[in-house]
Amino acid sequence: MNPVAWGLLAQVVLAVCAVASALATRGHVRNVLAGSACAGVAGAGAVTGMSVLAGGTVAVQVTTALPVPPMVLAPDRLGGLLMLLVGAVGVIASVYAIGYVHGASASRTQWAALALFLLGMQLVPAAGDVVAFLLAWELMAAASTVLVLAEHAHRHTVRHAAVWYAVMTHLSFVLILAGFAALSAAGGSTSFAALAGTGTAGAGATVAFVLLTVGFAAKAGLVPLHVWLPRAHPEAPSHASALMSAAMVSLGAYGILLVGVRLMPDAPTWWAVLLIALGAGSAVYGILHAGVATDLKRLLAYSTSENLGLVVAAIGLAMLLRTHHVPGAASAAIVAALLLLVSHAAFKATLFLGAGAVLRATGERDLDRMGGLVHTMPWTAATFGVGSLGAASLPVTGGFVAEWTLLQALIHGVRPADRVVAVVVPLTLGLIALTAGLALVTFVKAFGIAFLARARSAAVLGAREAPWSMRVPMVLGALGVLALGLLPGPVAAAAASAVGAEGARVAGLGGVELTGVGAVLSPAALVGLGAVVALPALVLVLALARQRPATADVLAWGCGGVRTSPRMQYNATSYAEPVMRIFNDALQPSRDVVVTHLAESTYHAERVRFSQRVDDVVEARLFRPLVAAADALAERARRVQNGSINRYLGFSFTALVAVLLVVAG
Amino acid sequence: MSTPGSAATQLIALAAGALLVTSVLLVWRRDLSAQVRLLTLQGVSLAVLAATIGLSGPGSARAELLLVALLVLLLRAWLLPWVLGRRLRAGVAAGDAAREDGARLNPTASLVLVALLTTVAYLVSRPISEGVAADGVGISGPAAFAVPVGVAMVLIGFLLLVGRSRAMSQLIGFLVLDNGIATVAFLTAAGVPFAVELGVSSDVLLVVLILAVLSRRIHAQVGSTALDSMTELKG
Amino acid sequence: MTAILLLPPLAALLIGAGAASPASALFTRLSGVLTSAVLLAGGLALLAHRGPTPTLGGDLLRADPLSALMLAIVGAVGLTATWAGAAPRPGPDERRPATRAERRYAALVALFLGAMAIAVTTDNLGVLWVAVEATTIATAFLVGHRGGPRSLEAAWKYVVLGSVGIAIALLGTVLLYAASRSAGEATLSWTRLVSGELPLDHGLVRVAVGLAVLGFATKAGLAPMHSWLPDAHSQAPAPVSGLMSGVLLAVAFYAVLRIRSIADVVLGPGLVRGLLLAAGLGSLTVAAALILRQRDHKRMLAYSSIEHMGVLAIGAAVGGPVALAAVLLHLIGHGLAKASLFVVAGRMLAAEGTTTIAEVRGLLARRPDLAVPLVVGMTALLGFPPFALFFSEVAIVLAGWRAGLGWAMALTVALLLAVVAGLVRATAAMVLGPAHDDPPGDGGAATAAARAAGRPAEGHGSDRGPTTPLVLALGVTAVIGFVAFPVGPVLARAAAVLGLA
Amino acid sequence: MSVAPLVVALVQVTVAVAFAPLVVGVTRQTRARLEGRVGPGVLQPARDLRKLLAKTPLRAAGTSPVTVVAPVVLLTSSLLLAALVPLVAALPLSLVPGDLFVAVSVLLLGTVAIALLGLDAGSAFGGMGSSRHMTISALVEPTVLVSVYALSIPVGSSALALIVAARRDHPASIASPAGVLAVVALVIVVIAETGRLPIDNPSTHLELTMIHEAMELEQSGRDLAWVDLASWLRLSVLLGLVGNLVLPWGVAGSAGFGPVLLGALALAGKLALLAVLLAAAEVAMAKLRLFRVPELLAGSFVLAFLAVTASYLVA
């Protein structure tokens, strides 16, 4: 039995232990025991993933009661990479949970669900056939639903969020099931190994691709199937949000990779264009909503659908370029997709854990009521800051390298002769650039408003720094973000090998070289250069600082020294106001201004109340009408079943006559 | 054996005609007691049909079929009508309506429908008659021409069930439907095996008894056996 | 072996007679459990049996693997429903002889189970018909057991619609007999009819099969003949609802399967596939439409039964070893889960004094003993792993798509999504939320009063009961999908019986 | 990596640091003259710098370490920018591509630093400036990348050094429609990024109209010195880049002393010219309303996109 098999076994066993310890013990003991067991599950997943990446293979067969081929667990390298990703996020999230959970989120159900959630997520990339994939997928879905429900007894919003989540996730399952059914009908088997390289000609393959893409897009939170994200993430406990947003959605992208890269490699152009449109659209839409969001976790949720949009766009780009014979750039694009996925996992986990720490310390999710937390929660502030840098894809973080790789693919993918590429590539470039720019605003806002300036509400003043058990995972996450940014070479190489593309290899100082397009980036060297040029300035700074220390107790500028009250600061809403105004038509906020005039004169206002809400346009214009229509239909159907036995007999009579006419005709 | 125009065939035709006429009259009449009487008549003609087929059949099956005919006579011409009549009188004594009122269909419309259904019956029973007549084992060959009557009775019984708004007349409709099935059974297969026939008859009897009991309770609880008063359970 | 064939019906008869006698209240209370246990034992014994198929009295009783499996299912589901639904053991102070109603109830349940046992173990279609019809008679009074206009109305609709439908099935059976007779060998023996040796007339068999399927489909609650089902299920006492949903529907569907294989042999799959697809999709549509805005949780469960019958019909329409095995697995899973859920629903009715969804709130916080089995059962019904229904539904869809019925499968999963949405919404509304949250609506007051009094609302039995059967049933549903041996071969052989076309 | 390019890069940085105050001085002086004032002279910015460095910085109460660190980060980013962009010589560094994406990211790092600086003191103006500044740089990003894409198509690489070298070696491509459009788009970007008219008025004293100034309201002493120097560096480096794109002659192609000296002189000339032009343009222009700015940037994006399509025609 080889390491991979052992790893898979260990995951299952540890998961069982975690569930057992969650059910058996109580109080703090439960948190510690179950938490460490969950961390163990995730760790086993990470190790398994590594050994798969290192070339280990295995095919575990699980038989069922039905006369179908047995379920197979046979992770390939890509699966290994995802397993590693999920496992890594799982470890820090589990450790974090030990210190974080309290009240409802510390119940035995929640811990058991967490363990099963981790197991499901790590088995999805291990699945080697359709049935096993669907099984793990549903395990993941069910467990995550339970996690979202943690606070159901305290907030009514939780219930609606959970119902939305359950239905959307089942929609995704149903689409995937149908898609795989179509695929296995076209390919004549249910095992991925046999399906690999299924021809893309013919209606069957097309139907399969479309169904699967949409299904996985729903799980990846792509517009317009993203509606569950901004609802579920704020309601779920933060470690769960981190797992869902960093790990689970990545599996949606994995599904698209599985279909588009492994199962049906030679995609027609329009498949690729579909993916690019889907991805770029979600990226812009997601980041716009993130930019104007004031609920911190909602902001992070929308940024998730932005980042997954970028990933899917990169995948589509890779497919397009491969179909149009630009192999070098294509491999760069696919590497970019994986780098984006990995770095997103790192910084999104960090950010959600940070948001959780703030929530735990202040009870606030609303940015407009935060501020000045850098003084009370320095560790959280630092890690959240690093995460924000990553999310804004600035040097030197993983996001920066990933976006650089993507742009290299775009710039070197130029084919003036080929009209499709000639049109698609620059448009994609523009959209991605806009996304990157808005991401910058969004995360400057998130960090600056939450942690800098002065407290905007009393609750924030009393904030206390998170305990070590929560700090350590946050720091680990931040380190991960920086490591991905400083030494991207190995990751890029692993990613390239995962998709079997000779796309990238390590170049000096842990830098990355995109062999396909002959571009090199060594962030470490960049940092070195920066240090060299900044050295004189630093020396000067320190010298002056010793010579003449600053006086740090003056009033801030208030047009003549009036000490401004904290309510006069810019808050998240006002910070996003320019963006809101520019993209008014896309966001369609509902504002209302209530002016109460003074009794004496209507020229002087006594009070002005301004309130603004941004509803999700897709939800309001697409899903709510859909639900309403379904309900109306159902109401009409209820009237048909009106209780009159004569009518019921009439049904049977009609059926009888119909059948008679059919059989005798 | 018996050829068309033989006495047996005449008798079969006569019985079949009687069955059809009684069914049509059942649709026509509104007076429940009259319907019960018609039901008796129908039972008798069904028994006659069975007996004829039995007598003109091969010797082996003769005894069994005569026994079946007797059973039919007892059950459909005497017992069931008696149960119905008793329940009906009890209901009327307790203040329940003695006429079928508030039916879904007025007489003319229902009679037109009957005509329609009879044609449908003729259409759809072609494969049955042909299938049976394919090789004239025993009597069934020549007798097969009457099969549509049975099918028509089934449809008419169903029509009564759909169209009538009284518990009692639904019972009657059910019995007509059942008679129709029996007719088809005799005409196509000279009845089913005796054991099965016994089971079938007892089932029918029990169903009728249960419905009678239920209608009594409903009358006791709801104060009427009008089906319109029984639309509590919706959706 | 042949003795085992005879055992279940006889035992049912004797136990029924015993239960009817006022001798021992305890025996009366446990009669249902005993009968089901006997059926289960018999079924398992027959499943374990190898060698020639045991028969008795010519074609009267015969237990091929399919019959054995069905007998076991009937026993298992019956055990769940009767055991979990058994009234709690009376305290020493209130020890009293069983009332007349209780005795009648027990006897009828035993009778019902006995009829079911005959129905699944006979080879003669006539006897099968008689047995299925007998269940109508047995259950008629069980549905009306609680008395009151609503349950009487339900009983009336049930008997009328059921008997009419089953009468159509009789017509079909008769025509089959006629066909065999004019083919030279007058028989109703299923084995003879599917042997393919009789030169059956196609036109006649077409009519016969069409009518028989229609008739038995009525009993199986397939649209558009489903209308009796929600009323009967919602008005009957909870265990009876469980029995009807898990056993009666299953056995009626078993009859459809038998007829289907006759048609397969004589006519090929075309006709029945069309009929079953229409019925299945129709049932799914009806279920989806009426679950989405359902206000009554027992009716909701009833419609979910219609939905699962629709899935079964579609699976049968697909045919082939995989789909048929999946259908049988689905029968097991659905029966057990649904029986447990109906029992839980009964306890909820007893505890809350209402079946209106809008008046049940925060169950998880107030009554975890009810909410947890409810949620687990629902998870099973919705086809989440590890429950058996997950495997069966996935297998049916995969097989169906490969059989070239992609459009039907797409429609199926879409409708299933609607059903899931409705069920999830309703369940979440009942289960989630804070404990003290006075339910809206006029019925709220009474419910609140009943809760305040701390005792169940009267007239709906007890709100507590044994948990073991629920745990067992749901546990079996959860693991059986993974049990490759012995379940796998059993399902395969049973499916082979049907798929011999 | 080979040493020569590194040395050249450091030379570039020093040159840029030396020129930056002068460029600003030239623009201010030119403006003053065109507006009929005498003007403080070209060296005034340098003197201001010296004076500020000698002063004790005052920091608002309740400010965080960000206030201390941000100016240095800003300065570093500008210095790094000066090292990455081909000003004096067009020699690509082996491990760090003089990629415009990298350059822009470094630039944005500085932008973020100053934006946070603006927020840190918790005054209304700082937040206002920071919000406006970030919005504008967000809208600028697409233009930058698309125009670079247009420029890189003929060269087949996005490294600025190679682009400049290619234009020097094939002057024909400078006048090509693609090149012209792309450069125009870039110019608009540079104006937006460096906060010049018509997008921002660097010499305003009215808080409500401020963008860049609003963020450094709280700064004083050496902090302000670093911020000012950094923004001047940005201006001159970006002007230098534009200059080298339009008039690539004189840019050193090798690391010899002669070529580098020549390159430095050429750079001085180009910077002076552009500074004068900039000042002249600013005199002739009024500040745009903030919410007309997106139109301008959208326009520049369109130009860049046209440049791409045009480049297909020639390529």
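Going by the order they are written in, the chains are A, B, C and D; count residues from 1 in each one.
Definition applied: contacts are C-beta pairs under 8 Å (C-beta built on N, C-alpha and C of every residue); 3 or more make two chains touch, one makes a residue touch a chain.
Everything numeric in this text was worked out from a predicted model, so none of it was measured.
**Student:** On the document's contact criterion, could you list the chains that touch chain A and likewise touch chain D?
**Tutor:** Touching chain A as well as chain D, we find no chain at all.
**Student:** Go ahead and name the chain pair joined by the largest number of contacting C-beta pairs.
**Tutor:** A-D
**Student:** Using CA atom means as chain centres, which chain is nearest the centre of all the protein shown?
**Tutor:** Taking the mean of all protein C-alpha atoms as reference, the closest chain is A.
**Student:** Taking the mean of the CA coordinates per chain, how far is chain A from chain C in Å?
**Tutor:** Those two chain centres are 43 Å apart.
**Student:** CA centre of chain A versus CA centre of chain B: separation in Å?
**Tutor:** That gives a centre separation of 69 Å.
**Student:** Which whole number of Å gives the spacing of the CA centres of chain B and chain D?
**Tutor:** 100
**Student:** Could you state the distance in Å from the CA-based centre of chain C to that of chain D?
**Tutor:** Here the centre of chain D sits 78 Å away from the centre of chain C.
**Student:** Could you pull out the residues of chain C that touch at least 2 other chains?
**Tutor:** In chain C, the residues touching two or more other chains are 156-157, 160, 164, 168, 203, 206-207, 230-231, 290, 293.
**Student:** Mind pulling the residue numbers of chain A that touch at least two other chains?
**Tutor:** Expected reply: 638, 641, 643, 645, 649, 652, 656, 660, 663-664.
**Student:** If a residue has to touch 2 or more other chains to count, which residues of chain B qualify?
**Tutor:** 124, 126-128, 158, 161, 170, 230, 232-233, 235
**Student:** Which of the chains are touching one another, listed as pairs?
**Tutor:** A-B, A-C, A-D, B-C
**Student:** Would you pull the chain A residues touching chain C in the complex into a rising list?
**Tutor:** Contacts found on chain A: 62-68, 70, 130-131, 134-135, 138-139, 141-142, 149, 152-154, 156, 158-159, 162-163, 166-167, 170-171, 174, 177-178, 180-182, 184-185, 190, 204, 207, 630-631, 633-635, 637-638, 641, 643, 645, 647-649, 651-652, 654-656, 659-660, 662-664.
**Student:** Spell out the part of chain A that touches chain B in their complex, as residue ranges.
**Tutor:** Where chain A meets chain B, its residues are 638, 641-646, 649-650, 652-653, 656-657, 660-661, 663-664.
**Student:** Within the complex, which stretch of chain C touches chain B?
**Tutor:** 124, 126-127, 129-130, 133-134, 136-137, 140-141, 144, 147-150, 152-157, 159-160, 163-164, 167-168, 170-171, 173-175, 177-179, 181-182, 184, 186, 188, 201-207, 230-231, 234-235, 290, 293-296, 299
**Student:** Please output the residues of chain D touching chain A within their complex, sorted ascending.
**Tutor:** 1, 6, 9-10, 13, 53, 56-66, 68, 72, 75-76, 79-80, 82-83, 93-97, 99, 101-102, 105-106, 108-109, 111-112, 115-116, 119-128, 130-132, 134-135, 137-142, 144-146, 148-149, 152-153, 156, 158, 207, 217-218, 221-223, 226, 290-291, 294, 301, 305, 308, 311-312, 315
**Student:** Touching residues of chain B toward chain C in the complex: what are they?
**Tutor:** Counting only chain B, the residues touching chain C are 124, 126-128, 130-132, 134-135, 137, 140, 154, 158, 161, 167, 170, 174, 177-178, 181, 184-185, 188-190, 192-193, 195-196, 199-200, 203, 206-207, 210-211, 214-215, 217-218, 221-222, 230, 232-233, 235.
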